[in-house]
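Each of the next two complexes has chain A plus one other chain: chain B in the first, chain C in the second.
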Partner chain A sequence: MKPAYLGIDIGSISTKGVVIDADNNILADSYLWTHGNPIAAVKNVLNELSRKMDASYTVVNTGTTGSARKLIGVALNAKVIKNEITAHAMGTLAVVPDARTILEIGGQDSKIILINNGVVMDYAMNTLCAAGTGSFLSSQAKRLDLNLEDFAELALSSNNPTKIAARCTVFAESDLVHKAQIGHSKADIVAGLCRAVVLNYLNNVGKGKQIKSPVVFQGGVSKNAAVIREFEKELGMPVHVDNNGHLMGALGVAVLCKDEEDQTPFNFNITDVTFETKGVECSHCPNNCEVICVYKDGILLDAWGNKCEHGTQK
Partner chain B sequence: MEGVKIGIPRALQFYFYEDLWLGFFKNLGIETIVSPPSNKEIVKAGVAKSIDEACFSSKIFIGHVEWLLDKCDMIFCPRIENSAIREEYCTRIFGLYDLVRNTFPQAKILNADVNYLYRRREANAFEKIGEQLGFDKETSLAAYKNALAVAEEVKAEKIAQQDELLTADGAKVLIFSHAYNTYDACIGKEITDFFDANGIAVIHADIINEAEAKKLTKETYGKRVYWKVTAQMMGGLEKYRSKVDGIILISTFPCGPDSLFNELVLREIKDKPILSLVIDEQDASAGIQTRLESFTDIITAKRKLRKGGAK
Partner chain C sequence: MTQEKIACAPQIGDYQVIANILISRCLGYKTIKCPPMTKRTLELGSRHSPDMICTPFKTTLGNFIEAAEQGANVFIMPGFGCRLGLYDILQQKVLTELGYDCEFVTLFEYIPTVRRMFNAMQEINPSLTQEKFDEVFALLVQVTLDMDGLAFFMRKNMAFAAEKNASQNPLMATYKSYLQEIPAAEDAEAAAKIGEKYRAQMESVPLNKPAKPIRIGIIGEIYIVVEPFSNCNMENWLADNGVEIIRHSSLSDFATAIFSVDEQIKNSGGYVDYNIGSTANDAISRAYEMIQEGIDGIIHVKPSSCSPEITAMSILQNISQDTGTPFMYMTFDTETGEAGVHTRLEAFLDMIKMRRPKGDYQQ
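Entry: the complex of A and B
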C-alpha cells in the first residue's frame, strides 16, 4: 500500500478536495458547490475522490481548511486543521516553489500573501468590506444578463474599459448603471468592472504591500482572463495562474499532513455516517454564547463556541 | 453620607484609574460596586442607548452605566479632560459625564472636573468628590494620596513583571491598544486569550513608565502626541518593538486617535508582522480567529527560520 494524503478546503461557496501522494502529485481532485451545507458537500467530494482514486493508495492522514475547517475537521477526525492563509501558501509553494506573492480573490473574501524563502512573511485580508470579490462580479454579471464565462470573453474584446468607481461595491454598482444609461457599450463596461476589481483589490487588500514577482493569482476570480489581463497591466509583471489554482488550499493541508507522524487510515465509508449539527444558545449567563454541537450518528462528538465555563452541552 | 453605594462602570477610564478610584473610596469607607466584565447584555443595552457615531468602547460604557442604575445610589463618572497641560484624553472620554447625564436624566452622578487648563487638578477633584460624600478636605486628600501611592506601586509592579516577561525566551506579541479595549471581555480578551492558549507571551505597549514613554515618543516623533493615552502607547511601542515577534493593533470602530496612529504604525514599522483588528458590535469572531491563527503561523515560522539560520 502506498500512502496518500487527503486535503479538504470547505469555503463559503465551493468545497474542494485533493488526494496526493508522498511527492505532492495529485491523485484525485474534486470541486463542488457548498450550497450552504458543508457536511453534504464534503460527503459528495469524498464520494468523487474515492471513485477517482487509484486502489493501490491508502489515505493515511487528513487535513481541513476553509471556513468550515473545524466542523469538518472534527467530523473526519482530521490531524491538520489549518487556517486558509497558511494552507494556501503551503499549497502554492508545492506547485510554484519560488512564489513571492499570492493574490487571491474568492467568493466572499480576498487576500494577499507575501512569501520570502518559502515562508509566509505577511498577509492581508479584506476587512469590513467585500468589494471586489467574486460575488460582486457574479451579481453584476447577472444584472447585465451575462453568464460568467461570456463575461470574461466580452471584457477581453474591449480595449477601452469604462472607468468605474472602484472604492466601494455600492458606488461601483450605481456607477455602472449610470455608465450604461449614458451609452457606454456593454463590453467596455464589463472590462471596466474587471479593472475595478483589480484596482479595488490593490487599493484595499494590497495597500502598502510590496508585490514581488513571481506573482500567483488564485481563487474563483482567477478563472476570469480579463481580470488577469488587468492585473498584469496594473502590476507590470506576469501573473501566473495555475489550472489547479482553486485546489491550493486543499493541496496545502494535504502537504501539511505529510509531516504528521501519527497515521490512521482514512475510511471513505464515512459518507454513510450521518452527521448532525445543532446551534444552541447557552442560557447560563448573559453572554448567550452560540454553542455548536456536532453529532455523529446521534452521539455528541464535539461542541464549541463557548466563551466561559458556564456553557453546557445539551 | 452613611450607607451610600457608589457604582463604577467597568469601562473606559476605569481601566486607567481602577486602583486609584477603588483605593480612594475604600480609604473613606465608602461602599462601591463595579459592573461585571462586559457581556452581550451590557453591549446590547449600550448600543441601543448610544448614537451610531459613538465608538464601540463608549457604547459599552453606556451599557455598564445602565447595568448599575438600579444597583447603586450614585454613578461615579468624573469629567477628566486632561492629566496635565497638553495631555488630553479623547473627546469621548471627557464628554462622558455629560453623555451619561443626558442619556440617563434620572441617574444621580458623582462628578468632579479634572482640567489642568483651568487649574482643576486631580487632587482638587478628589476633594470635591469627598465633599459631596460629606468628608472634609483633609480626609479626602489623605485618602487620595494614599490611594495614589498604592496605585503607583501596582503600576511599577506591572512594569517590572512585563520586563521579566520580555527577557524570557519564546514568542512574544506586542498589543498596541487602549487598556479599555485590551482588557474588555467583549473586545480584546478573546485576542489575548488566544495568545495565552497558544503559549505566546503578551506584551502591552501601554504598560511603561510614563516619563520614559513621554521621552521616547518625543525622541521618535519629534513632536508631542496630542492624546495622552496614545502618547503612552507610542512610547511603549518604541521601547518594546525590537523585543517582540509581531505587533497586534486592536481598535474599536470608529476611534479617532486610532484612525490616525494605527495608520502611522502600519506605515512606519516595516520590520515586524503587524495585524490590525478593528472591533465593532457586529460579532464576527470567526474572521478574527482566522487572522490570529495565520498571524501565529507567521511568527512561529519566522522564529524557526531565525533559529535555523543561527545554527
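Entry: the complex of A and C
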C-alpha cells in the first residue's frame, strides 16, 4: 500500500477535495458547490474522490481548511485544521515553488500573500468590507442579465472600459446604473466592472505591498479572463493562473498532513455515517452565545462557540 | 430628598477600579461597575449613536445605558484627547433624551493636568482639600503602576505557565485576585504592599518558557488595545497559542505618552517628524523600539474611522518595508464574530513561525 494524503477545503460557495501522493502529485480531485450544507457537500466530494482514486493507495492522514474547517475537521477526525491563508500559500508553493506573490479573490474575501524564498513574508486580507470580491461581480452580472462566462467574454471585447467608482460596492452599483442610463455600452460597463475589481483590490488589500513577479492569481474570480487582463495592465507583469488554482487550499492542507506526526488513516466509509449539528443559544447572559454541537450517529462529538465557562454544552 | 449619587465609569479593560477609587474617595459617591460588556451593550450603544462615530463612543454609551438601568446616575469621562474629549457632552444628551436623569464628571477640561483634575473634583465637592486629593492621587498612581506592571508580566508569561489544566491561567488568576483586593487599600503605602505581595506570587508561578519564544507586539489605539471585548480577546488567543505578548499600551503608559510626543518623534528612526495626535506617535516609536529589540511581528489595532491611527498606518508600512518586520493591521467596529479574527491571527502566527528556523521557538 502506498501512502496518500487527503485535503478538503470547505468554502462558503464551493467545496474542494484532493488526494495526493508523497510527492505532491494529485491522485484525485473534486470540486462541488457547498449549497449551504457543508456536511452533505463533503460527503459528495468524498464519494467522488473514492471513485477516482487508485486502489493501490491508502489515505494515511487528513486535513481541512476553509470557513467550515472546524466543523468538518471534527467530523472527519482531521489531524490538520488550518486557516485558508497558510493553506493557500503551502499549496501554491507545491505547484509554483518560485512564486513571489499570490493574489486571491474569492466569493466573499480577498487576500494577498507575499513570499520570498518559499517563506511567507507578509499577507493581508480584506477586513471590514467585502467590496470588490466575487459576490460583487456575480450580483452585477445578474443585474445586467448575463451569466458569468458571457460576462468575461463581453468584457474582453471592450477596449474602452467605463470608469466606475471602485471604492465601495454600494457606490459602484449606483455609478453603474447611472453609466448605463446615460448610454455607455454594456461591453464597456462590464469591462469597467472588471477593472473596478482590480483597482479596488490593489487599493485596499494590496495597499503598501510590493508586488513582485512571478505573480499567481487564484480564487473564483481568477477564472475571469477580463480581470486577469486588467491585473496584467495595472501591474505591468504577467499574471499566472493555474488550471488547478481552485484546488490550492485543499492541496495545501494535504501537503501539511505529510509533516504531521500524528497520522490517522482515513476510512471513506465515513460517508455512511450520519452527522448532525445543532445550534443552541446559551441564555446565561445577554451575549447569547451560539453553541454548536456536532453529533456522530447521535453521539455528541464536540461543541464550541461559547465565550465563557457558562456556555459549556448542555 | 436628593437622590443618592451612584457613579459609574465605562468598561475600559480593568480600569474601572481606578476610576472608582478616585470618585468614591474624592466625592464620596457610591460607585458601581457597569455590567460586563456583551452583545446587548453593543446593540444598545450602536442604536443610540451616530453610525459613523468611532467605536469606543458606541461601546461606552452602551455601558452607561446598562449602568443607568441598574441605577447609576453619575458617569465619568476623561474629557480630552481626540474626539474622545467630546464624548461626554454628546453622551449626556443621548442619555437625557432616553429619559435618564444623569450628570457627567469630566475629569479634565481639554488639558490633562493634575491641577485640572483637582479643580474638577473640588467643583463638585467643595469640602475636598488639596491634602486629601494629593493622598488619593498618590494612591491612584501607585495602583495604576502596580496593576499595569502585573498585567505586563502576565502578558509576557501567560503562554508558558507550567500548570495548564487549571480552568483559569494561574497568572491571570493572580492578577484577578489583585484587582479584587486593591479597592480596599487605605493609602499608597498599603497599596504598594498589596502590589508587592501579588508581584511575588506571580513571579513564583512555575513557567516552562523556551529561550527564544515567538514574540508579538501589540500597538495602536489605546481603548481597543486594552479592552478585550472590543478586540475579540486577541491576547488570550495569542497566549493560548504560545506567544509572548509585548504590549506597553496601558493607562500608565498613556499618562506619560501624552506628554512626551517630542521624545517619541526622536525615537521613531526619522520616520515621522510631527505630532499626529492621540497616541499615534507612541504607537510608531514603540513599534520602532520593538523592532530594534528583535520582535517577530507587530499587530496594530484601531477602531473603525480612527484618524490618528490611520495616519500612523502609512508610516508603519514604511517601517515594515524597510525592516522586513511583518505587521498586521486590524480594524474593529461593533462586530462580534471572532472566527474571522482568529483566522487572521492564526495565519499571522503561522507566517512568523515559518520565518524562524524550524522549531527554534520551542527549545
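Operating definition for what follows: the second predicted complex is superposed on the first by the 312 of 314 C-alpha atoms of A that agree within 3 Å, B and C clash if a C-alpha of one lies under 4 Å from a C-alpha of the other, contacts with A are read in each partner's own complex, and residues count from 1 in each chain.
Here is the rule we use: a residue touches a chain if its C-beta (ideal position, glycine included) is under 8 Å from a C-beta of that chain, and two chains touch if they have at least 3 such contacts.
No experiment lies behind these values; they were computed from the predicted model shown.
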item	value
Superposed partners chain B and chain C on chain A - clash or fit	clash
Which superposed partner A:286 touches (first chain B, second chain C, both, neither)	both
Which superposed partner A:83 touches (first chain B, second chain C, both, neither)	both
First, second, both or neither for A:117, with chain B first and chain C second	first
Partner chain in contact with A:125 - chain B first, chain C second, else both or neither	both
First, second, both or neither for A:208, with chain B first and chain C second	both
Touching both chain B and chain C, residues of chain A	67, 82-86, 119-123, 125, 127-128, 208, 285-288, 307
Complex interface listing, chain A residues touching chain C	67, 82-86, 119-125, 127-128, 207-208, 210, 285-288, 307, 309
Contact footprint of chain A on chain B as seen in their complex	39-42, 190, 253, 266-267, 273, 278, 280, 286-287, 289-291, 293-294, 297-298, 301-302, 305
For the chain C and chain A complex, residues of the former touching the latter	36, 38-41, 167, 233, 304, 314, 317, 320-321, 324, 326, 328-331, 333, 335, 338-339, 343-344, 346-348, 350-351, 354-355
Touch list for chain A against partner chain B, complex	67, 82-86, 117, 119-123, 125, 127-128, 208, 285-288, 307
